[in-house]
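Next come two complexes built around chain A: one with chain B, the other with chain C.
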Partner chain A sequence: MIRRYAALIRNAWLVDLQYRASIVLWLLWGVTEPAIALGIWWAIAGDGSVAGYARADFARYFFAVMLINQLTIAWDSWYLDRWIRDGELNFRLARPLHPAHEAVAENLAYKARTASVILVVWLVVAVAWPAVRLPFAPGRWAITAVAVVLAAAMRFFISFTTGLLAFWTTRATAIMELHAGVSLFLAGRIAPLALLPPAVAGIAGVLWFRSMLAFPVDLLTGTVQGTDAILRGLGGQIVWLGVWILAYRVAWSRGIRKYGAVGG
Partner chain B sequence: MSSIVTAERLSKTFQVKVRDPGLRGALRALFRPHYRDVLAVRDVTFGIDPGEIVAFLGPNGAGKTTTLKMLAGLLYPTGGRVEVAGFIPWTGGPAFKRRIALVLGNRQQLVWDLPPEETFLLNRAIYDVGDGDYRERLAELVALLELGDVLQKPVRQLSLGERMKCELVASLLHRPPLLFLDEPTLGLDVTAQDAIRRFLIEYRDRHGATVLLTSHYMQDVTALASRVLMINRGRLLYDGALEALVARIARTKRIELVLGGGDGNRVTAEALAAFGEVKSFHFPNAVLEVRREDAPTMSARLLAALPVADLSIEDPPIEEVIRLAFARGGEEDE
Partner chain C sequence: MEQWADETNAANLVMMFRVPTSAFRLLSAFWRLNVAEELQYRANFIASVLGTVFNLATALLTLSLFFHHTTTLGGWDYWEIVVLLGVFNALTGVIEAVLRPGIGQLAGEVRSGELDLVLVKPVDAQGFVSFRQLDIWRLTDIVLGLGLAGYALFRLGHTPSLAQLMAFGLTIAAAAVVVYAIWVVLMSLAFWFVSVENIAVLFDAVYEGARYPVSAYPGALRFLFVYLIPIAWTTTIPASALTGRLRPEIGLAAAAVAGVAFGLARALWRTALRRYAGASG
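For the complex of A and B:
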């Protein structure tokens, strides 16, 4: 299986190299949204703070969002939608390798290249700008790595499962867009969850949105403190990951039976 | 010999959403969708022996590709039983998929932006082909398909024919005993079609592979297939050798004549009409159609009565036979 993943990731990178300009565009896209959010909160915070967040806290928060969002984001619903509607799923089903493996390999390839660039950018900026530096805490970083893996796995299954809706509807990507819109607020992409009205933040915590992004970000910046809070956060991630894996399994086994194998 | 493919009363029904045209129809379909069952394949039964090349024949939407996809495990049959290479395709998993190749004329697996060799390397990994085997098989396929200088060019720069050849290479590196080809010559020029046909026969002869293909091109069928499965509206109309089909469907034979004689005693169309239906007449060439059983006696009479330089007895063109067969199959269906 390692050899297969190596071959899939190699091909993904080779294709990337054909489209160097689009890599730059995607990177800019990944950086712009948190940068704009940071700019707004920077102005609002002024010399004081908002709900306990001073300028330096916002800076660290959004640099962490930038990195962790790129490490956990998944585009699979778009791929799946195309595979199913255009019949590109056909040859993938005829191979002795589940199509999900190709999707996972694509994710690894994408994440490795974008996240590594963002990490370098962060390090360079941190040299000049102390506000975005994180305290040295290897233990916390290790736990964050676990939370990032859980979040990435969950976002993969969310995206893949939503893409599988293309077996039934032509609006699968629209549903994914809607989810992305909601997660803009509930996952903490434009503001730390602490700044949301308590009821809204509560919904984000009960559903899977906090587990997607805000929780690993808060872990990395040190906002989540105490073994209890960390374990509850990881527990929530594991539960929601389980739910989405289950949803994926149901959608796959039903959808594949319904599949019309477009063409001919 | 035991069959490598067995289908018993194989059926596939699709549910298709139907809606009236216009905005009102769209709205109604949104709230109260209506479904109609489309019987794509109905009670199809056949068996295929190892090493056979069998062609599915039928118009668009006849059910031939649906049948092929059920055999390849892509589609879930709604009825009947199917066994392929000792597996139920739908549940065969990776072990089954290593035994087959699926080549789709209109959907390609080659990575568009990379040279074909990258797809080959990917498939080497996916199918666990050893390095030695990979090199040997690639060399063989490249030689048979005369692909030498295209392996390093990006796929998007290849011609359609080169792409289909590379598609075949990618699909055969794991040396499957069973090939499913859906319209393998679709859109190719005559030379490329011919190269693909010669390759398939050579490949079968070398490795004893079984080949099932669908095609619109009669040439594919006459050049390749020892046997045809004729499908129309989801039903199997005919299963057997092409020649036998022609004999059964075509109740006529064509007598092709090259007439002799000078300008003085030219044979006229009226004179020819006494022997059979004149299909074409451009002196000195003439084509007569006669009842199948009358062909030998009519030929003898023609030779005796007219100045004939050359005479041959032919079956009607295969396209016409097929058209007749479908027309008749359709009538039985109504």
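For the complex of A and C:
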């Protein structure tokens, strides 16, 4: 399995290499939203603070959002929607390897490239701009890495499962857009959850949205403090990851039975 | 000899900006076909309207979140920015209905060589490429956007005077020209960077910045949006015209910016086209 994965990732890496310029554009697209949000909160905070967030806190928060969003993002619903509608799924089903593995490998190759670019940019910016520097805390970074892996896995299954809805509807990607719109607020893309009305932030915590992005981001910036809060956050991530894996299994087994393939 | 050179220059200039009446007949024929085709897919209309309503709701919620923590943003209050959001949405309608389905396809066509089929047609290639396709359902974005702007003006208790409405007409037209010029520039770049099929993404990324008044941004971003990637002229200025904060000289400047942007875009397009070697090249 490891050898297969090495081959798949190598393949995806080389394919991406041909589309370097395209990937830079997707990367730019991914960082403008947090950059603009940072610009607006920067103006609102002024010389004071908003709910405990001063300008430097916003800067750190949104730099962390750029990095962790890139590390956890998943495009799979768009791929699956196309595979299912155009019948590109057919030859993938004929392979002795579940199509999800190819998707995971692509995901990893893409993230290795884009996230490392963001990391380097962050380091360079941090040299010139003290506001975005993080305190040196290897232990915290290690826990963040675990949270990022869990979040990435969960977002992968959310995206993959939603893409599988293309077995039943032609608007699977629209559902994903809807999810993206909701996550703008609930996952903390437009503002730290602490700035949302408490009831809304509560919903984000009960559902999977906080686990997707806001929790790893708050871990990295140091907003989540105390073993108790960290364990509860990780626990929430594991529970929701389990739920989405289950949803994926149901959708896959039902969908594949329904699938007639193009021309079939 | 010199006179001859002058004449060719003049002829070139005329070539550059000549819009033959046959072009309009051609366009109306294309658009009629288009409308007939789109009318077969009426469910798309509902989906498109729902999508727009959802986008507007998200934008308004985002704005409410900002205003939960402040009373003004870059000197604008809540309903003033809603006017701006309405303008933004109307321009999004123009982009999605005309630009993306038309000129937005260019990068892919340069790559595949399909542009050959456009170039052999006896029409101006830029004009044809730009306006060949019309996604009529997205025109509802224009209606919804202007409706939202109108409602926000009502909530502001501000009835625009005739002069302000005329200023709005001028600046929104200038805004459309600027947006168009940005698309032409981006798509012209595809002639150099052939592998970049998703170059339109760059527009989407930058245009996000036009959701808020340019005065809300820190100095460096503001400079970028006013002078380098002139999206400040597309929403901030027309919205200012409606709310009555626009100074007349800025309105005239907007028209000048649009003219310059169009001229530069046209020039870049012509340079780019010379690089095109066709499908076999």
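Going forward, the second predicted complex is superposed on the first by the 263 of 264 C-alpha atoms of A that agree within 3 Å, B and C clash if a C-alpha of one lies under 4 Å from a C-alpha of the other, contacts with A are read in each partner's own complex, and residues count from 1 in each chain.
Keep in mind that, in the parts below, a contact is a pair of C-beta atoms (placed from the backbone, for glycine too) under 8 Å apart; a residue touches a chain by one contact, two chains touch by 3 or more.
Nothing here was measured: the structure is a model prediction, and the numbers come from that model.
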**OP:** Scan A:18 for contacts with chain B and chain C and give back first, second, both or neither.
**Re:** both
Original post:
Between chain B (first) and chain C (second), which does A:197 come into contact with in this model arrangement: first, second, both, or neither?
Top reply: second
**OP:** With the two complexes superposed on chain A, say which partner A:3 touches: chain B (first), chain C (second), both, or neither.
**Re:** first
**OP:** Take the contacts of chain A with chain B and those with chain C, and give the residues found in both.
**Re:** 18-19
Subject >> chain A partner contacts - residues on chain C that touch it in the complex >> reply: 47, 51, 54-55, 58, 61-62, 65-66, 68-70, 73-74, 193, 195-199, 201-202, 204-206, 208-209, 211-212, 216-218, 221
Original post:
So in the complex, which bits of chain A are touching chain C?
Top reply: 18-19, 21-22, 25-26, 28-29, 32-33, 36, 39-44, 50-51, 171, 174, 177-178, 181, 184-185, 190-191, 195-197
**OP:** Write out the stretch or stretches of chain B touching chain A in their complex.
**Re:** 14, 64-66, 68-69, 72-76, 93-95, 97-98, 100-102, 104, 106-109, 111, 113-114, 118-119, 121-128, 154, 182-183, 214
**OP:** Could you pull out which chain A residues touch chain B in their complex?
**Re:** 3-4, 6-8, 10-11, 14-15, 18-19, 86-88, 90-97, 256-257, 259-261, 263-264
